[in-house]
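What follows is a group of structures, each given as structure tokens.
Below are two complexes that have chain A in common, paired first with chain B and then with chain C.
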Partner chain A sequence: MTTLQLKNIVKRYKSQTVLDDLSLDVAGGERLVLFGPSGSGKTVLLRLIAGVIEPDAGRVLIGGEDMTDVDAEHRGIGMAFQNFALFPHMSAFDNIASALTSRKSSKDTIAAGVHKVSKLLKIDHVLSHHPKALSNGQKQRTALARALVGSPPLLLLDDPLRNVDAKLRFEMRLELPRLLAAQGATVIYVTQDYKEAMALGDRIAVMAHGRIRQIGTPAEIYNAPADIEIARLFGDPTINLLEVVPQRGPDGAFVELSDMRLRLPGFGDEIVGKQCVLGLRPETIAFAEAASQGAIPVTVEAETPLNEKTVTLGLTARGREILVSRPAGTPGPVAGPAHIAVDGRTAFLFDKATGRRILPSELASKRNGEAA
Partner chain B sequence: MNATALSIENVDKFYGPVDHGVHAVKQLNMDVMKGEIIALLGSSGCGKTSTLRMIAGFEPVSRGTISVAGRQVQTLAPVRRNVAMAFEGYSLYPPLTVRENIAFALKAAKLSQNVVEEKVASIAKLLEIEDILGRYPSSISGGQQQRASLGRALIREADLHLLDEPMGQLEPQLRAVLRGRIKHYIKERGLTAILVTHDQTEANALADRIAVMEGGVLQQFDTPQMIKERPANLFTGTFVGEPPMNVFEASVSGTEGRVAFGLEDGIRLEYPAADFSHAVRDALMKRKNVVLGIRPYSVRRSADGVTGRVAVNQWLGDQTHIAADFAGGTMVLVEHDRTNLEIGQPIGIRLDPGSLHVFDSESGMAISHGEELA
Partner chain C sequence: METTSPVERLLRGVALTLVVVFFMFPIVWIFLMSFQTNETILRIPPSVVFSPTLENYAALITGKLQTASGTLDIAFMRNLGNSVLLSVASVAVALLLGVPAAYAFARHKFKGSEDIAFTLLSFRFAPPLLVLLPLTQYFQWLGLSNTYFGLIWIYQLICLPLILWIVRGYFEDISADVEYAYRIAGHSWFSTFRKIALPLAGPGIAAAGLLAFIFAWNNFVFALVLASADKQPVTVGALAFVTASGIQYGQIAAAIVLSITPTLALALYAQRYLVEGLSLGAVKG
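So, the complex of A and B:
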């Protein structure tokens, strides 16, 4: 299986640095998701791997071989884009086959390949149709089939589900892992949808301003985001972010919410008096009895169901907004005064000035110990 | 709060000649109470936007009547209907700043300068557009224009507020909190709002009742909970719900004290007859073939269940989506914890009779939900 290595890639357009000394190692057969807001450099990076654009500096290694100066068509890469990019004057069959014709394969080999991949993608019944007679979903599947048909060892998928409706996107999200695993290809997948990123990526590289801000498994990104922006990009509803200044208590650091103390286990004096941002994922907050220990009073403003969750917007005593989410069908208050329970162990603490996450001191010292 | 805010009676909409043109809305009947939030939900071409435009007065009705606050309005010009609107294409006035655009809506109300400023400031804060109040529409993003237009509509007092895809362009990180704030704002003031959306998440989040439309026909008009628990037909059942409802074709058979459904791959689901009411059993026994539906979050894993094989296991942070090969198709399960299932691993799948939706295989109409007749 083919590996991909990017070494110190730089790409500038005029005075703007689009990719800024970016390095990346992708294992053979891995599915790596490039995730980030628009303008973060994902698509430029993908095109650079494809060989459509050249880097100003740095090397691209595919399967250990330096491909930096090799033409796009000789890199052995399959690609699919968000806008499908099908030839309008060709049937679906010919569109898919177009990926093979440059290789001078025999007619029978081509037909066999097209039929095999079309069956897998459930478009074998529309192969004679031209793109304008295909539904959006079928167009998207045709474009995918074209990318897959030559069994390329490296597959680049640029937000392929962007322009299909929610239902189809969900269907494909379930189907793609099987399809890609069956191909055995190494996959670079670009998306702006965090659910897609978590569902499809073995690892996710979160990009911002031409750099990789964090790279890790979905669990690492979700449970240990490197900074506020990454924490905000993953999760629905979005993580609660509250400005706080931790204080020193008898049993460690705490912050105030609705004039109640929320202990932050693992944090010590290093954060006391510091301008911080507290990050609370909505699903880690629960409604609680007024009398229970540490219960924080809130006023429920509105309940807004979200798929299989119930999301509640509450206000603290100081008028700060807090979103709470719980599985649909479980009991909770609809309006008026209520109490919430927050587990300080699940809270994230960020440095307000830098946006970086502050690790609990125990964890930080353990990490330092490992490093030493 | 019991007054009828909007009444739509026997409304048809044809584009082109009546009875011969394109029949976009068919025999629509709908009553909306004062203080309700209603969502018109459907895919493009379902008739939802035509309906909203007829209420607003942008499109004439071909037949039928529309009453707002008890008065027939279908022949009145839009400005005479006392409705506030946030529409795509009903854009902000380009020569006015965002602040002036929003305040303009209050002009007719003849309020003091102070009150106007206060109201504008408060709606701007709610929609997070305070920092662009001095800007002109052409210099702000699409999402900001959408929020400004929403502000201009919400600030008004009117018999009806009509909102067309009100949050379609907002960045996802803002949506959850804005939904909560807007719902609170509308409820606190007792406004009546009709919103059109193709996004069921938005409809479920905001609406007291949802009108599901397809092919110009109102399929179901009910609370989000009822639509989820008692979908009127296969269309509504599979259209509303994310992830979508699992559906399998099945044959029905009954023996002494048992009800059995035969699925593909020789899979047989057997239930004690007592799990279903008499009426349901009678209705089922009249049919040979049905469609079985079950929502992904109602599917349980259990050792004594029918075996399926895990094909996909996707953890999304606060829930896990599992797809299993089952009865020649795919069964999707949603769990709220993180599950560590291996691909290819067999799991027992239990379909509780109380969670089963049964639909007629020909008409698609619901036969039963759980043990009760539809």
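So, the complex of A and C:
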């Protein structure tokens, strides 16, 4: 079980800082997903771990050993590239075998290794083909086989499902965890797809602008996003974000939606009068009877069925858009006036100026206590 | 494949024929001339009907040129041999030096790399005549004038920049990821260069080598000034056909046919690599 540590990594191209004092600890055998929009530095970071580009500052430790100045070929890493990066002049067999030929193993050992992994990935029937003659899915599997064949203790996967069609991506998303678990390797997986990140990661590190913004289990990232951007990136349909200014009420802070009060339990005077953004996950909102307590009136504008769920777009009295998601097949209004019920305990509150999440006061004081 | 009307196909055929005739006619005419005597060549009006003779080729190969004022010794076959030796050796040296250099310029941006690459290219900007006088002086000091070694060295001015700049482009076209993948699979940079970069840039290297060969073969002025008769290539040797008793058209034509044969053969052989090289972008990935 190989650990990976990155310490204060800095990488600049000309005047642009791509990785900005980034540190990361990955436990042996862990599957860490690097998630972030394009240009956030994920791919650069992966190449830096692989050793094909050098950091301007900082150290890379693999298995506790300082590998910062070690060449890529001596790091013992397996890597699959987003664009597959197959060798176009070699057959699929030779492509996969390339990760073994450098070890001076016998021909039989190499052939046995290649056949084993290609059987696992179901490409054993196309081993004699050149990359040109392979379908996209076969190319992707060949690239994956090349990364896996040497049983590297550290496996880097750079968005390997990006360039394959949706059906195959879905299949591989189910198949990959089993494959990776069988390898027992420490895995760094880069993706831009939040579903893939949630499905494959033991932990997810969310990157933006060359820094790690938040790192945690998929549930932590989803249920406790550190800022607006992360809340927006995870979840489909996207989280509802409404600008609000909390006010003081008889039993704590509240915000107004369609002139109705939505109480924010746990929040006190510290947020009153502050410019905030309220985050409501569409699946935490439900349609309600008009008479029920705290029901907020909306006008239903449109309904979109999405396989397993139905998403409804509503407008508040002040014309703000709210998405409501419910399991498909459950009843709901199709058009016209309706009411929704929102539980203030599931709502996120963000500071509009900084984008950071504001924690309810009791939670915040608990965190501070931990930190001290 | 889109369908074309018969008229369109006919017009296209006519246009293509015109282009081919326009470009190939001089070659065909020279080929015909090489089998004629000076008298049949110079008759008016010219005709394509004649009784072919091999005496022009015989004269070139034996080295005895029959003119109105007697027999003249010419060193055409030796010139041809010189051309082959000089061109092959120059291109070989240029490939040996230029391909690794091109790789370095393509993959490693070191301080001043662009300046060095541009300086090498700028050798091709200067008119050769401009550098010939100082070169002659240098060659005399160094004892290099009239040596194959010196000529091959000077031919690097022609071949090296050409190969460097063409091959560099091909190396740059290879996705860096492909090379990274080979490195990560556990291979050294040198074996990556040998097993990945060289084969993938192969068509480009072949194209550049062929072009460099043609340029070296066609060079005239360096050899004219820096070498004497026994080291001169055909381009300079051809001057011998302008004799006191007139210009030997038949022999000149035969000499041209013989001297374009090697480059033509090479181009035909390398053609598939050239086409592959030019369409590399379309088939990769």
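Everything that follows uses one rule, which is that the second predicted complex is superposed on the first by the 371 of 372 C-alpha atoms of A that agree within 3 Å, B and C clash if a C-alpha of one lies under 4 Å from a C-alpha of the other, contacts with A are read in each partner's own complex, and residues count from 1 in each chain.
The working rule: a contact is a pair of C-beta atoms (placed from the backbone, for glycine too) under 8 Å apart; a residue touches a chain by one contact, two chains touch by 3 or more.
Since this is a predicted model, take the numbers as computed values, not measurements.
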| item | value |
| --- | --- |
| Overlay on chain A: chain C relative to chain B, clash or fit | fit |
| Contact breadth on chain A, by residue count: chain C or chain B | B |
| Which of chain B and chain C A:99 touches, first, second, both or neither | second |
| First, second, both or neither for A:88, with chain B first and chain C second | second |
| Touching partner for A:166 - first (chain B), second (chain C), both, neither | first |
| First (chain B), second (chain C), both or neither touched by A:293 | neither |
| Spatial angle chain C-chain A-chain B, Cα centroids [nearest 10 degrees] | 80 |
| Touched partner set for A:15, first chain B, second chain C, both or neither | neither |
| Touching partner for A:47 - first (chain B), second (chain C), both, neither | second |
| Where chain B and chain C come nearest after superposition, their Cα distance in Å | 6 |
| Contact footprint of chain B on chain A as seen in their complex | 165-167, 170, 173-174, 177-178, 195, 198-200, 218-219, 222, 232-238, 281-283, 301-309, 311-313, 321, 323, 325, 327-328 |
| Chain A partner contacts - residues on chain B that touch it in the complex | 43, 172-177, 179-181, 183-184, 187, 199-201, 204-206, 224, 242-244, 296-297, 311-312, 314-319, 321, 323, 330, 332, 334, 336 |
| Chain C-touching residues of chain A, taken from the complex the two chains share | 47, 50-52, 71-79, 81, 83, 85-89, 98-99, 101-103, 132, 146, 150 |
| Contact footprint of chain A on chain C as seen in their complex | 175, 177-178, 180-189, 191, 196, 199-200, 283-285 |
